[in-house]
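These are the structures in question, set out in turn.
Next come two complexes, and both contain chain A; in the first it sits with chain B, in the second with chain C.
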Partner chain A sequence: MNVKVDTDGTVAHQDDAGDVLLSVRNLRKYFPIKDGVLQNVVGHVKAVDGVSFDIRRGETVGLVGESGCGKSTLSGCVSGLTDPTGGSVHFNTRGRGSAHGPLDEGDRIDRMDRATFAKYRRNVQMVFQDNFASLNPRQLVVDIVGRPLRVHGIASGTALQEKVVELLEQVGLGRQHLYRYPHQFSGGQRQRISIARALALDPELIVLDEPTSALDVSVQAQILNLLNDLQAERHLAYLFITHDLSVVRHMADRTITMYLGKVVEEGPTQDLFETPEHPYTKVLLAAKPDLDDDPDVPIQTLAGSIPDPARPPSGCRFHTRCPVATSTCGWEIDDIVRELETREDLFDKLVGVDRKSDLEATLTFSDSAAAHAVWEAIRSDSVPETMRDAIETLDVRDGALMVRFAKPSAIELREVGTGHRAACILAGE
Partner chain B sequence: MTSIETPTENPTRPAIARVQGLKVHFASKKGPVHAVDGVDFDIADGEMLGLVGETGCGKSVTGRAFLGLIPQPPARIAGGRILFRPRRREDTSEDTPEFRPCPTCKGADIVCATCNGSGYDTLDLLAVKPRTMRAIRGRRIAMIFQDPGKALNPILTIGDQLAEVFLQHASADLLADIGGTGDMGGLAAGAVGRAARQESGRLDGILSRVPPVRGHLRRLRAALEDRIAAALAETQISNPRRVIRSYPHELSGGMRQRVMIAQALACDPDLIIADEPTTALDVTIQAKIMELIKMLQEKRKTSVLYISHDLSLVRRTCDRVVVMYAGRVAEVGGVREVFAAPRHPYTRGLLDAIPRSGETRGVLASIPGTVPELVSPPPGCRFADRCVHVMPECTRVNPTLQPLTPDQSVSCFLAHPPAPGAAHKEPELQET
Partner chain C sequence: MSVTDPNAAPMRETAFSVRTRRWRELSATILSNPTTVIGLVIIVALLAMAVFAPWLASPNTPDPYQMPRDWGAVRMPPGTPGHVLGTTNQGGDVFYGVVWGSRTSLQLSIVVVSVTVCIGIAIGSIAGLVGGWVDEALMRIVDVFLSIPELIFALAVAAILGPSFSNIILSLCIVFWVKYARIMRAQIILVRQADYVKAATVIGDSKFNIFRRDILPNAVTPIAVQATLDMGNIVLVGATLSFIGLSESGIAEWGVLVSEGQAGIASGRWWASTFPGLMIFLWALAFNLVGDGLRDALDPRTEGR
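The block that comes next holds the complex of A and B.
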C-alpha cells in the first residue's frame, strides 16, 4: 500500500517488510528422471534450484528467461499448484490494510491451517498462456467465471450472475457473452475471460504465465492496457512471466532474469534494462530486435545451446556459453566431457571417467593415441582460453588423462546498485 | 500466358513471382469466408519479402497457395493467379512439358528482356497440373514451416527424410555422380524418383524397388549421405553425420529448424516460402535462425517470402514488406519507408501497439475493435470500422492499392482521395 508508481514507472520502495505480499526463500523443485522397467530414479532435473525473491503489494515483478529455465515451474510453486522439493513460499494472508509485520513461519503456505490456506488460494490467482486449454470447452462463460465464486461460497443464483456480468464488464466484455462457449471467442477475448475468472475472488496477486505470447500485437496491447488499468484500480500485484523483454520493460516494476533454474540478475526494471550487469541479461536484451534499434547493427547471438538441466554446469551455470567468462567462473570436468561430445571420433574412444570431485578426474581412453589427441585438443585453441587457464594440472599417461581444475570463485547474487543484484563475478566492475 | 513485366518499383530486380487478385474462400456453415480477397504483390528476384499481418489476415493461406497446399474443399480458389517464372538452370531433367520456353527467345538468350534471361515462360501456379506442381515443390519453390516438431516425420531419421528430397528431385544428378549406370541413367533416375514418391519411408526400401540401381546401392547411399551432410553443414549443424542418424525427437527445436532449412535448401530452390520459421523458438535461437536464413539467402540469391507477425524481425531482415489486413493488402513498400513513414492507418496502429524500448510504462496505443468477420464482408475498406480517420467513402468503396512513391504503395483514401463520381460504383478488378 505504500508503493507509489512514479510517472516514469519506477517504484518508490519503502524498506518496510510489512509491504511484502509474497516471499520465496531458497525454493527448489527437482523432477525425478526415471528409467528402466522398474522406473528407478536415475537423476533429477533441477528445474528451480535455490530461488529467493519478494513481491510487494501492488507491484509487478517480471520474470524472464528462455524456455526450460524454470520460470513456469516457479510460477506453479508460487501459486500452490506444484509442491516444491525444498525451500519455502510465504504469503501474507492478513489482507489489505492489515497490521504490518514481517512474514514468518506461520505464513509458509505448506504449513498453513485449512482456513488460512483457503485465504491464500483466494488471494493468488493465475492466468495461463494457452487461453484455449485453460478454459473448459464444455462450460459456458457464466460457469467458468462464476466457478470460483461458487466454490468459495461467495455468491449464487442471480447474485452470482450479476457478479459475473460485473467482472466481464471490467475486462471489456458484457452481458451478451454470458451464455457462450470458449470456442465462440477470439484469442484476445478468451484471455479476457481468463482474467475475469482470476479477478473473481478479488485476489491480491495474479500470476500471469505468458499471458500475451499467443496473441497478436494489437490484441496484446489491449490486454496489457487492461492489466495496467486493473492494477491501478485494485492495487493488484502481478508476477508477470514472459520471454518477451519489451513486454516486461513495459509492465514490470522489478525484473528477475532466470537461467537454468537460478536467478542470475534482479533489479528495478529500468536499471536492469539500462545497465544490465549479468552477461546473460545482456545477451537476452541484445537478441531481441526492437523497432527503434539500428537494423544494420547485427543482432548479438549466443553460442551453444542450453545445457542439460539434469547435470547443470557448476559455478556460474552460464559459463559454458558466456562471452566474457573468466578462468574462475566454474570450469569443471563436465566441460571437458561436453567438449568431447562435439568430437564424435574421440568421444567414442572414451571408456570411463573416474571422478575424485567435480574438479578432478581421470579420463580413460581405449587407446593412448586418442588420449594424446584429447590432450593436444585441450591445450589448443579449440577450447576456450579461459577454460585452459583454469586447468591446474593436465597429464597424459598411456590412455589415461589426468585433469585438475583450479578452485572456482564463489558466485552468488550480490548488490550492484539499489535493489539491483547480479550473480556474476564481473558485475559492478 | 501473360508474362511478368518488369515491376515499375524496382527496374533492376525483375519479379520472380507475382500474385494477382488472389482470392481464397473457405466454406463454413454461415457462408463462404473470404480469407484472402484480392491480394496483389510481386516478389523480386533475389529479394527477401516480408508478409506481415495478424492472425487470420490470410498471410499463411497466401503463402500456401504458392505450393498448392490449400485443401480444396473446404477452400476454393475464387479467383486470381500466382505467376511464377523458374530461374535458368543447367539440369532440366525435372522440367515437365508445362515448363515452356520463353516465347520470345525460346530459352536461348540470357539477356532476353521478356523472360529476364531465365529462358522460361511464366507458369500460373494455381492452374498447373499436379505433376508440374510436384516438379516445382522442393525443387523450385520450397517451404519452411512454423513448427519443425510437426513438419518432420517422427518415425524417419533425419537422413531418410532428407534423402527423399534428393531422390525425388535430383536422382539424375545422383546417378551421374556414382557413374556406372551407363545408358540407363535417365530411366533409372525416373524410376528412383517415382519410387521415392510412392514409398515415403526408409531409403533401403525405396532403392531396392529399382532393379538397375540395386548393384550400386552402397555407392548410391554414400553419395546421398555426402550430399545430406553437406546440406546440413551448410545450416551450421556442427555434427552432420550424427544428425543424419538421429530422429527428430532427439534434436532441440533450433536444430530441428536447421534441418528444415537444410531440407528446403537442398535443391537450391528459386523461391522459399518461410511461414513463421522462428515463432516456436526462443529469442536467442530465433536471432540465430534468422541470421542463418538471411545469410543463405544472400549467398544464393534466393528469393524468400518471409511470413511473420513479428514486425521488428521483418524490419531487420527483409528488403520490402507487404502488410495484410483481413484478406487484403493494406500497404506495400521498402522496409525503411514503411517502418519510418507508414501511410496506412492500420500499419501505423500495428507499429504503435508494440512496446518500445524508449518508453517505460504508460498506455500502449491499441487499435480499437476487432478484426471483422470475413463471411460476406460489407463493401468498402475492411479497416473502416476500426479506423480513426474513417470517411464516408471508406464504407462504400474499396480503396485499391495505388503507388504513392516508387517504393511504397498503399490502399487508403487518405493517400489517394477517391475520384469524384467513383463513390457509386465498385472499382473494377485490376486484371491485366
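The block that comes next holds the complex of A and C.
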C-alpha cells in the first residue's frame, strides 16, 4: 500500500487495497521536560516521532514494541485523548458502506466541525489495560454500559436498559449483572464490561490498549475469542496495542513494530513473523518464549536498555543495541559519550563536550593522560567495531579529543515485500 | 427462584435498591466500630439538646441567646434550687448557657464547615482541573494562608472585623477553606488521570458531566472525613476566639462562658467554666471519633472489596 502525503497534507491513495478508515500521518507527540524554579522547558521526550500508518475497515492492526516506545501515547492520539504535537490523524466519518474516497484535510480530527467530530467520537472507542481503573467504581454496570447511549441520546429509560442487556449478552454477561458495581466482578468480567461499553455506540474502530495484559492466560484466550467473534459480527477494525507477540500473531492482519517513537517495520502479520526484516523485530521474535524451545538454551535477549527518548540516537534509533549494526547506521558523538559512561574512571575526567554538530565535537578532559586513554580505547577493540569504522577523524591534543563521524545513510521505511516495509539499510538484502 | 444461589439476583432488584443496600452496608461498617457509635450517641444527644433547648431551659426574653441575669443569685454553686449547675459572677444560669450554647456551637460548626467545604471544593477543583498559571496562583495563595497558624490568622481577622459572634464565624470561614482546597486539588489531579475519566472522554461525554459523575464523586471522600473532624475542631477554635473576648459578652456560647467563668476558678468557683468547657470537649471528641470511624469505613483499601 503506497500512501503519500503531499506538501499540503492531502493523503493520496495510489493503491486501493482497502477501505481506509483511519490514517495517521507523520504523527509526533513531544512531552516537554521542565526544570528549575521557573519550570523552563529544557527538552522534549519524543514519545511518538513521525509515525504514519493506515487502518482499513474490518482490519486488525497490531502495534508492538517495548514499554516506553510510544505505543500508548500513539493510542491516545488515535482515540483523540491526546493532542499531537505535529502531524495528523484522519478518520473516515462517512459511515459504513460509504463509497471509498481518499481521506483529506476535512477528515483531520483536529479540524473537524462539531458534528463531524461527534461522528468520529462515536466511531472510535477504546478498551484499556487496567480493567479496574477503567470503570468508575461508584457506578453500576447499567450506568457504565448505558452511558454512551445516554450521552448521545440514543436511548433512555426502559429502552436503554434493554439495550444494555443486549450489549451485556453480546459479551457473555447478562441481565443479572445490571445492578452490580465493578468491584463485584472478576478481571475478565470487568474487561467484558469495558468491551460492552465500547460496543454501545456501534463504532467502526476500537483501540485496544493491552486489553489482555492484566488477565490470566485462560481468561486472555476467552477475551481474544470474544474480540474475534465481535469483529466478525460487526465488521470492526481494531488497533491492537500489545507487547505480547503471540497475541498479535493470533489477532492481527497487519503488524507494526515500534521502537523509540518510530515505526521500524510494518507488514502483513504472517510476513513479519516469518521473514522479519528489521533486526529489532528479529530480536523481539527471538525473545518470545516458545513451547518448542529447548529449555536449556537461553532465550536471546537485547543488550542494554532503551535509550533516553529525550535524546534519541540519530540515524537508526536502534543502532546502539543492534546486533548487526553497520558503520553507516547513525553513529554519533552521543555514542562516544554513552561508551564513556560505562567507563567511570574516564567519564569522571570528562570536562566538556563542544559540539559542532551531532557528528563532530571536541571532548575536553581534565588531564591529557585521560584524553589519550580514551583515544586509545576508541582505536582499540573496546568500542563496537562498526562505530570505530564510522569515525572519519580522531585527533588527540593536550587533553582534547577531536572526533568526527562520517555522515550516516538516510534511514527510511522502504518496501521489502508486498505491503511489507522496514526501516533498515540491511532490509531486503 | 432458588434462594441458595448467591449469584442469582433477586427479581425485583433495581438501581434504587442496590444503591440503598450500598448505604446500608456502609452504615453497618461504620456502626460496627464501638468508638464511632459512642461519638454518634454524643452528637445525637447534643443535637437533641439544641433542638429541645426551649423545653430544657425556658428562653430568655427578648433574645434567648443572651444569658439571663439573676442578680439575686450571683456566684451560686451547683445544686442551688433553680440553678442546677450554679450561676456566674453576673448571675447567669450555667445550665441555661450549656443548653442554649449548643445552638450557637451547632450554628458555628455547620455554617463554617459547609461554607469552607464549598469554597475549598470550588477552588481546589479549579486549580486541579485548569492547571497552569491558575493553579500556580491559587496554590500560592493557599501557601500564604497555610504559612500563618490558623488560630492566629483567625484571631487577626476577627480582631479586624470587630468583636461579635457572627464575625467569628466569618473569620473562621476566611481561614479554614485552604485545607479543603489543597486536599481537593490533590484528589482532582489524582482522579482526573484515571482510565475511567479517559473512557468517559472517548464516549464523548461533556467535561462538566465527567467532572460531576466521575471526578467529583471519587475525589470527595477525604473531604468528608476532614469535614467531620473539623466539625469538632471549629468549635474549639471558635471557643478560643470567644474566650479571648472576640465575641459579644453575655452571649450564651460555650467559649464565652468559659472565658467569663475563668476568673472565678482561683476562688474555687469552678462550675462556671467547667460545665461549658466539658461541652466543648464532648462536642470535639464526638466528631473526632466519628471522623476516625468514617475514615476507616471509607478507606479505599477496604471499601467495597
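By definition in this document, the second predicted complex is superposed on the first by the 409 of 429 C-alpha atoms of A that agree within 3 Å, B and C clash if a C-alpha of one lies under 4 Å from a C-alpha of the other, contacts with A are read in each partner's own complex, and residues count from 1 in each chain.
Please note the rule applied: contacts are C-beta pairs under 8 Å (C-beta built on N, C-alpha and C of every residue); 3 or more make two chains touch, one makes a residue touch a chain.
Small disclaimer: the values here were computed from a predicted structure and weren't measured.
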{"item": "When chain B and chain C are modelled together on chain A, clash or fit", "value": "fit"}
{"item": "Which superposed partner A:Gln222 touches (first chain B, second chain C, both, neither)", "value": "first"}
{"item": "More chain A residues in contact [chain B versus chain C]", "value": "B"}
{"item": "Inter-chain angle, chain B to chain C through the CA centre of chain A, in degrees rounded to a multiple of 10", "value": "70"}
{"item": "Which of chain B and chain C A:Lys71 touches, first, second, both or neither", "value": "neither"}
{"item": "Touching partner for A:Ser186 - first (chain B), second (chain C), both, neither", "value": "first"}
{"item": "Partner chain in contact with A:Ile299 - chain B first, chain C second, else both or neither", "value": "first"}
{"item": "After superposition on chain A, the shortest CA separation from chain B to chain C (Å)", "value": "10"}
{"item": "Chain B to chain A touching residues, read off their complex", "value": "54-55, 238-239, 241-242, 252, 254-255, 282-288, 290-291, 309-313, 315-316, 335, 339, 349-367, 370-371"}
{"item": "Residue numbers on chain A that touch chain B, as the complex places them", "value": "5, 8-9, 66-67, 186-189, 216-222, 224-225, 228, 243, 245-247, 249-251, 269-270, 273, 283-284, 287-293, 295, 298-302, 305, 342, 344"}
{"item": "Residues of chain A that touch chain C when the two form their complex", "value": "76, 79-81, 118, 121-122, 124-126, 128, 130, 133-140, 142-143, 147-148, 151-152, 176-181, 183, 194, 197, 201"}
{"item": "Chain A-touching residues of chain C, taken from the complex the two chains share", "value": "7-9, 13-15, 17-19, 22, 194-196, 198-206, 209, 213-214, 217-218, 304-305"}
